[in-house]
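We just call them A, B, C and D in the order they show up, numbering each chain from 1.
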Amino acid sequence: MTTEQEVIGRTREQMAERVAQDIPDGSYVNLGIGIPELIAHYVPEGREFIYHTENGLLGMGPSPEVGGGEPELINAGKRRVTAISGACYFHHADSFAMIRGGHIDLCVLGALQVAENGDLANWSTGGADAIPAVGGAMDLVAGVKTIYVITQHNTKDGQPKLVERCSFPLTGVNVVSRIYTDLAVIEVSEKGFQLVELSPGVSFEYVQERTGAKLLPIPSK
Amino acid sequence: MTTEQEVIGRTREQMAERVAQDIPDGSYVNLGIGIPELIAHYVPEGREFIYHTENGLLGMGPSPEVGGGEPELINAGKRRVTAISGACYFHHADSFAMIRGGHIDLCVLGALQVAENGDLANWSTGGADAIPAVGGAMDLVAGVKTIYVITQHNTKDGQPKLVERCSFPLTGVNVVSRIYTDLAVIEVSEKGFQLVELSPGVSFEYVQERTGAKLLPIPSK
Amino acid sequence: MINKQISSPAEAVADIFDGATVMVGGFGEAGSPIELIHALIDQGATNLTLVNNNTGTGEVGLAALIKAGRVSKMICSFPRTANSTVFPKLYHSGKTKLELVPQGTLAERIRAGGAGIPAFYTATSFGTPLAEGKEVRTIDGRDYVLEYGLTADFTLIKGIVADTYGNVIYNKTARNFAPVMAMAGKVTIAQAATILHPGGLDPEIIITPGIFVNRVVHVENPEYESELVLSGATYPS
Amino acid sequence: MINKQISSPAEAVADIFDGATVMVGGFGEAGSPIELIHALIDQGATNLTLVNNNTGTGEVGLAALIKAGRVSKMICSFPRTANSTVFPKLYHSGKTKLELVPQGTLAERIRAGGAGIPAFYTATSFGTPLAEGKEVRTIDGRDYVLEYGLTADFTLIKGIVADTYGNVIYNKTARNFAPVMAMAGKVTIAQAATILHPGGLDPEIIITPGIFVNRVVHVENPEYESELVLSGATYPS
């Protein structure tokens, strides 16, 4: 692992844009905190997504101007947001009824680790000193129909995040459908990590080398 | 049993008035269909009750004028009602959360039979031909803090409604606190039917004779 | 782009299939989506499992659907309303089955179904015939019955105002089962007397968020069951 | 006659006892009833079990209550907010215990507590460390965890408008946990910027019916946590 990965493959913005291409028009979408939030900037022409934030707003709009907004109109990351025309507010039990009941079409989350069986670890590194904090992550992965992960392919230390089995505490069992990284788009199939697409200028071997489990090549048509 | 019971003891209106005397100021009250509904006419001076109807209205007001009202402002008996100032509407799951969650202070229901252990039967005579229909009765007796029964002491055939054990299908197990009949006010105690009060002009023996279980006399002070 | 408005009740119910479970909003006539029900009668789907608190009155709306022989099973709490003659006949003939559920348990089972709760415990019905055969459990010294979530293939409801995102508000006690049934239906169809563009409804007062509603259809002057029954109407007439 | 208005936050929280379980509305600062929390700090009750999604920020409101050593146990989903330094210190010292609950399970447990549902099944957390020691069950081929209802001795919430019957409406995402916590509190205390006579609120738009609220108290210009933290405020100052 070298610093090559800094310049090879997609930027965070390009990763977000790539995810947005795969979201069908009219989807109800919940975006995790961090890179996933960038996706809202790349809605493809002619499509409309409605954003759910689990603290009680369907129809979340863009951030207000810096210094603007209201302290009681915030998102799940506790940052100020706006509400679009057609939005609605509701309480937390109703909000998680939307999640748990399978009404949200898609959730895009960050990850610490994704296993080839679809297990996700994204809430705790299991360190003895860390204060555990889970938020809504376990509810989202258990309840939302389709879970996408958007993440750097490797940690800052160069460790693979796509692994055979998660070593960190799980967020959910067999929940991830697709993984969008700087290097590739990978589907979690019954046979394991199925490569769907390589980022421009990235080779299969390059990705495989940086993946902690076997990568199935794109089937020839 | 003679037609004496027609003239001895309290009328339906007097029974309703008697129950109203025992309802504390500020109570949230659910009144069953039939005789219980009369209670709303006898709120004692200086007290205020808020009526809950399980089809989604807290703050039910009196019936509208004959021929008036609206088809979509009705009570649990599907009759047109009004809403008081300060009323609110809610959906069925919230309405039964009020009931099941113990938020309604008092419910007054009619009865087919009440047993000395507090069991209530008021939804079915168990006949093979009858179409079973339960409505909200089982939820009310399971959830409301205090259940009062208002009923004629005997059936039209002269059979006792207060019995050792219910022969009709139960609505709830050990749920009734007090029984208000034309002849007496009776508490369901750990020892059985405890007489609290005789209706004017009615003797203990007269009531005991018409009761299908042992009646404990009013303790001398 | 998102626009859930459908041009007619007929089009809105076109894909309801034989054998479907259909939840229908309303408590008595309040909130009964009569125009959607009549469209369903015209459409012809049969062998339906119907979920409603009652079984309708007269020979319009819900009662007309039952009378037409389209309902093989009713899930309800009170099938014995005054002026309800259609269901009793089919019940006694064995043509329509009945699953009797206490009203609050019915509402909670529907909410649970919509909220992804597969099962829950309730004290309601413990020790009664309606708990027979059900799993029971004592929690903190009290006895409870295990009840399962309920979902539907389709839900038909009636709002007073909706927008094209599917947000809905209701009229007084017409709200009743509609918000939870909207959650529990795979496809939820709402008729409303007024349909607005998104933003036409104050986001603070929306009762059913659009995420629970798949189709909205404009029915400007909905009929009321009691008025139809009083006029001697039947459907089809 | 019914009038639930109490003259001051101090009077409204006067009977909160040592060892009580207290639910506090709010998600971050949105909906945090800061004036009621500060009144509780002044009042002195200790050994509290606190239920809130977070643990506050800075040294005001919820964080100030925790810092004052009054909280022996937190039940929450996310105690690790940016600018949240008070709780970590007490947690590491072992002075404050933590029951970590997934956010949706927390909301549902509170609703269940308020709705008389003693326990329910949920897929959330199955197969994770947060399900350890919990009963599991397979229903229709999917695995679920059994979770129990949660109630409180007192609930503190913040509305924007209330009436003297206890009906409450909220401001935008300040609604969050308040409606379910109001249901789950034996005694629910709501502060509101405006308090009206009954009838002042449209019955169609009331979010928390008065039956769930025992006391309302007027706090005309509530403080916001972020503004207090930014100004360097602490409580007590």
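Convention: contacts are C-beta pairs under 8 Å (C-beta built on N, C-alpha and C of every residue); 3 or more make two chains touch, one makes a residue touch a chain.
Note that this is a predicted model, so its numbers are computed, not measured.
Engineer: Identify the chains adjacent to both chain B and chain C in the sense defined at the top.
Structural biologist: Expected: D.
Engineer: Between chain B and chain D, tell me the centre distance in angstrom, where each centre is the average of that chain's C-alpha atoms.
Structural biologist: 36
Engineer: Counting only Cα atoms for the centres, state how far chain A is from chain B in Å.
Structural biologist: Between these chains, centre-to-centre, one finds 56 Å.
Engineer: Provide the C-alpha centroid distance between chain A and chain D, rounded to the nearest whole angstrom.
Structural biologist: Roughly 29 Å separates the two chain centres.
Engineer: By residue number and range, which residues of chain A touch two or more other chains?
Structural biologist: Within chain A, the residues that touch at least two other chains are 83, 89-90, 93, 96, 99-100, 143.
Engineer: Touching two or more other chains, which residues of chain D qualify?
Structural biologist: Touching at least two other chains: 108, 111, 115-117, 122-123, 170, 172, 203-204.
Engineer: Name the graph shape formed by the protein chains and their touching pairs; answer line, ring, star, complete or other.
Structural biologist: other
Engineer: If I apply the definition of touch given earlier, which pairs of chains qualify?
Structural biologist: A-C, A-D, B-C, B-D, C-D
Engineer: Under the definition above, what is the set of chain C residues touching chain B in their complex?
Structural biologist: Spelled out, the residues of chain C in touch with chain B are 27-31, 53, 77-81, 87-88, 91-92, 98, 100-108, 110-111, 122-130, 170-180, 207, 224-227.
Engineer: Which residues, counting only chain C, touch chain D once they are in their complex?
Structural biologist: 108, 112, 115-123, 137, 139-140, 142, 144, 148, 169-170, 172, 202-205
Engineer: Provide the residue numbers of chain B that touch chain D in the complex, in ascending order.
Structural biologist: Those residues of chain B that touch chain D are 25-26, 28, 46-48, 50, 52, 58-59, 83-90, 93-94, 96-104, 142-143.
Engineer: Please output the residues of chain B touching chain C within their complex, sorted ascending.
Structural biologist: Chain B residues touching chain C: 53-57, 70-74, 78, 83, 89-93, 95-96, 99-100, 124, 129, 131-139, 142-143, 169-173.
Engineer: Mind pulling up the chain C residues that touch chain A in the complex?
Structural biologist: 1-2, 111, 113-117, 163-165, 167, 183, 197-199, 201, 203-204, 206, 209-212
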